[in-house]
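We just call them A, B, C and D in the order they show up, numbering each chain from 1.
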Amino acid sequence: MEILMHRIGIWIGVFLTFAIFSFLYKDNPFYKIAEQIFIGISAGYWFIYTIYNILIPNLFVPVTTDFAHNFILLIPAFLGILMLCRLIPSIDWVSRYALAVVVGTTAGLFFKRYLQSDVLNQLTATMLNPFASSNAAQIIGELILIIGTITGIVYFFFSKKHEGAFGTTARVGIYFLMVSFGAAFGYTVMARISLLIGRLNFLLGDWLGILKP
Amino acid sequence: MRVYILLVILIFFSFALCAQDISFTASDNPNDDGGAILLEWNVPPSFPEMIITRSIDKENYIEIARVTPLLKTYIDDENIEDGQEYFYMLSVPKMNGETLQSFSASAIARAQWFNTDKISLLIMTILLGSAILYFILSARRGKRLYIRKISGLDTIEEAVGRATEMGKPLLFVPGISDLDDMQTIAGLNILGHLAEKVAQYDSTIYVPVCRSMVLSTAKEIVKESYLRAGRPDAFNPDSVFYLTDDQFGYVAGVDGIILREKPAANFYLGAFYAESLILAETGFESGAIQIAGTAMPTQIPFFVAACDYTLIGEELFAASAYLSNEPNQLGSLKGQDVGKAIIILTLLVGVVLEMFGIHFLKDFLATH
Amino acid sequence: MKRQIPMLITFFVGALIIVSEFIPHKPFGNLSTSLGGWFLIISGFAIILGQLSLFKVNIIKISRKAPNWPYFIIALVSFSIMVTCGILWGTQKQPGLIPISDKMLNFFGYKPFDYIFKYMFENLSATMFSLLAFFMASASYRAFRARNAESTLLLVAAVLVMLGRTTIGSTLTCWIPESLGFLHLPNIASFIMKYPNTAGQRAIMICAGFGVIGSSLRIILGIERSYLGGK
Amino acid sequence: MKIFERFLHIDRRIIFVLIFIGVALPLIWTLGFNLEVTENVESVYNLMEELEPGTRILISFDYGPSTKPEIQPMAIALMEQAFTNRIRIIAIALWPMGVQMCNEAFEKVSAEYPNIEYGIDFINLGYKVGGMVTINHMAKDFRSTFPTDGGGNPIDEFPIMKGIKNFDKLGCVISLSAGDPGLKQWVMIAHDTFGKPVGGGTTAVQAPIMLAYVNEQQQLVGLLGGLKGAAEYELLVNKPGFATKGMDAQSVAHLIIIIFILIGNIGYFATRKKDTMKS
């Protein structure tokens, strides 16, 4: 029976795969059906996992089994319920109290972590002595890295007109940005093709069985 | 007596053997809120597994961990109370695994009032925070802050003019994120400016959106723009409309508009994900002028390759500040520029110092 | 009441989080730790809110007979089935309200929730994104032109990386002698990734980092209020 | 000159079909191009190899089925390496679908390692929302973030969780990520705040951005980027799998896309020259 259900499952998967691929031809009812099933299942999955993996172990169980130590958790629970009030338009403003905690925490943490990781650590990682190496490629590379980083930042400098030497520096900066966009483009092609490989592996392997396992 | 002499000799020898290699220290774990003691040892890597024991009275030692010489440190945070002295014993078996040799150390856990690892972070926080605040306040007091012209923005007027000449509409796509994303807000600010021009030239604009909150805000903004241009009667509320929340469904809808209406210019300004390339491609094929702007690093390449002008990353926010002339945004941008200038200068100084073999600045800034 | 108090909360919470970085001592350290736990619970409710409002929006669309309304029934039905299966029989190791019988487990091979996930959701989700492979290919051909210096640089870098980051790159340039090793496509691609790409990404990262810092500060100080809704 | 104009207007369905065939055929008949291991992949491998047997590591499954083809092979290869070296894995997920991805990988790998036991050598603690804030919270108070495993059993019941109160007793942190929250957040918290070595694998889309973290500061020890990174890792642990099999198809598809880019640009320049000559 298990094997039969497995085969049926594969056929369902194949149907859904082709329903979505049909979008390549044009938008059509099969695609729309598959799309709505996707949205529905996805939402259901999130819903169930949030309850089982977060609300029950982190809120419900601690409060019901050891109330004396965990009664403080009633505050976030209350705020969470305020959050749900957004569903009722007449009192949706109360959700702002909960939102304020979420936004405040995120803003505070983002402030210090971005300053540390994306500004200070990137800065120190660029403080290199390019001439320390004996390898020509590395010397050139590290010089490029230092110049590219500085000119790139100059491009994003908004308080000064891009003209004269400053404009030239910004121009060099944009070239570096373009190279990294090119690299990103190449990598994205790679990523999307990989996903198609995964799909064809399913169709040719799991469904038609013409691939060696 | 003989036993004592033997003992002394034994102790002396074992110390002489190990003194240069083995050390064991305990100290308060630094820069935390208490409740932890840091144990460090230096033992030749050839030694087998060692045992750490702990006591509060120097008598009853309880095993807390088994460690290897390579580990070098262990943080004891099991039921440690601040202010209480804890005694530790590191028991090192000899090479042959027979007798045990023990090293002891003690420490008291405390909470610190200042995390000394974070001085450079604190300095930057203060510098940057006060720069941003200063410029926001001075912008609010009416000081004019200069922002350079963003090149893509000049084409807005040109595009509206061309659309009017050709008798074709314009298309504005504010991305697929909701209002909580700053990119959407920046995009809508630019929409305000664009709609004003559209009203002046008596052209048409389509604004399909994919979030209901964005719909009401965008409608409001376009309406206001028509009012500012003195043409409130010309505002068509149906020109701003909702398609669907779903990513691909939305793209299919926008694609349809591009193919049917053949807009003279397409604007993609906001937060974009994988749909960016589908939009840019369809627009390119239709021959429209395309102006895009997003801070999504993964999507910028598609816009750069297929659009006539692209606002790259922070340029989107700068454009929004430039057009809206809002003091908060302008001041913040100026403050951030001060930060960038500090970074460039520090970087140059740092590189020069590194070349001369002085690592002070780099070590000071590198914290974790 | 409706705006001032939330702004005050945001200020206190944000400031506490920043201060606790420098002052680990009580009460800053432990308060900011508790806040992390609260955040987890509130965010859990926020996800539930998201799913419930999807439910609500769909019901409204159906009741108003919006265009394509029959399709939204499908979304509602699949949502309800998924949730019912999850609540009744649980997922994987997680038990549900009623214990799953061996007969049912043998029939499906999985719990119903996991069966739907494995055969329907995985395929739908993977196919949805693999569509992009085709669009990517046609967009590359139709829209990517070397129109000026910038886009030329972009395209050249892209092509070099696409060649260098697959096995074809090493196959194409394996005839180049060892002394000219830097001309091997994989080496060129690695060089691009390691230096000019990193330089560009780093510049973006630092500037975007300042952007995040600026907006966080504005939010904490109550200057930026768009998150509260309205302008 | 007509041919150049035709270059500009190839029907996109032809491209779709060619891409489909270009990916399908090399899957059926492998070409066997050779593969070289790159520095960033080797760094992750070495990070894992240098851990002592018995060390506990944290692997975060921050992806879902949409990027499974790229990242699942990494998860499998990493698990193989860990179980071979007796490294113990504490698995968590910042994406809800990551929980099932992790279990699928574990089911596949553990079949070959009969002495691997759930709760001793491996545990799946399930999903937590909250991204960076939650990572920060678990770094300070692991037990209140994860009071139970993914199946709802208290973590005190499992020997692998003994003494884990924060990141101190972890050998390293690995994030397999498809976006936000993911590797970036792990770098920011686990390494830049708490000093733990962080390694990881991402989709190729994320890789160029994350590479800026692989630097002198070791914010990120190494990086597996996309299917190629996974294939290289399979080569290192000597277990060729899906990623290795896919590399030929990947190469052929890239070649097709490059050819089309060239055709498009040749057509563009040829017709443009004609246009300017006319005017």
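We take it that a residue touches a chain if its C-beta (ideal position, glycine included) is under 8 Å from a C-beta of that chain, and two chains touch if they have at least 3 such contacts.
Predicted model only: the values in this text are computed from it and were never measured.
Chain centres here are means of the Cα atoms, and by that rule the chain farthest away from subunit B is D. By the count of C-beta pairs in contact, the leading chain pair is A-C.
Note: centroid distance subunit A to subunit B, computed from Cα atoms, is 13 Å. Each chain gets one centre point, the mean of its Cα atoms, and the points for subunit B and subunit C are 15 Å apart. Note: centroid distance subunit A to subunit C, computed from Cα atoms, is 2 Å.
Of all residues in subunit A, those touching 2 or more other chains are 23-24, 32, 35, 39, 45-46, 49-50, 52, 54, 58, 105-106, 109-112, 114-119, 121-126, 128, 146, 149, 153, 156, 177-178, 180-185, 187-190, 193, 195-196, 198-199, listed in ascending order. Residue positions of subunit C with contacts to 2 or more other chains are 18, 21, 36-37, 39-40, 43-44, 46-47, 94, 117-118, 121-122, 125-126, 128-129, 131-134, 136, 138, 140, 142, 144-145, 150-151, 154-155, 158-159, 162, 165-166, 193-194, 197-198, 201-202, 204-208, 210, 213, 215, 217, 227, 229.
Multi-chain contact residues of subunit B, defined as those touching 2 or more other chains: 121, 125, 128, 248, 297-298, 301-302, 304-305, 312-314, 333, 339-340, 343, 366, 368. Across the interface of their complex, subunit C is touched by residues 31-34, 111-115, 118, 121-122, 125, 128-129, 132-133, 136, 179-180, 182, 185, 212-213, 217, 245, 248, 274, 277-278, 280-281, 284-285, 295, 297, 301-302, 304-306, 312-314, 317, 328, 332-333, 335-336, 339-340, 343 of subunit B. Remark: subunit A residues 1-2, 5-6, 9-10, 12-14, 16-17, 20-21, 23-24, 32-52, 54-55, 58-59, 72-73, 75-77, 79-81, 83-84, 86-87, 93, 96-112, 114-115, 117-119, 122-123, 125-126, 137, 140-142, 144-149, 151-153, 155-156, 173-190, 192-193, 195-196, 198-199, 202 touch subunit C in the complex. Residues of subunit A touching subunit B in their complex: 23, 27, 32, 35, 39, 111-112, 115-116, 119-121, 123-124, 126-129, 131, 146, 149-150, 153-154, 156-162, 177-178, 181-182, 184-185, 188. Taken together, the subunit D residues at the contact with subunit B in this complex read 52, 163, 165-166, 168-169, 191-195, 205-206, 209, 217. Against subunit D, in their complex, subunit A makes its touches with residues 24-25, 45-46, 49-50, 52-54, 56-58, 61-62, 105-106, 109-110, 113-114, 116-118, 121-122, 124-125, 128, 180, 183-184, 187-191, 193-201, 204, 210-211.
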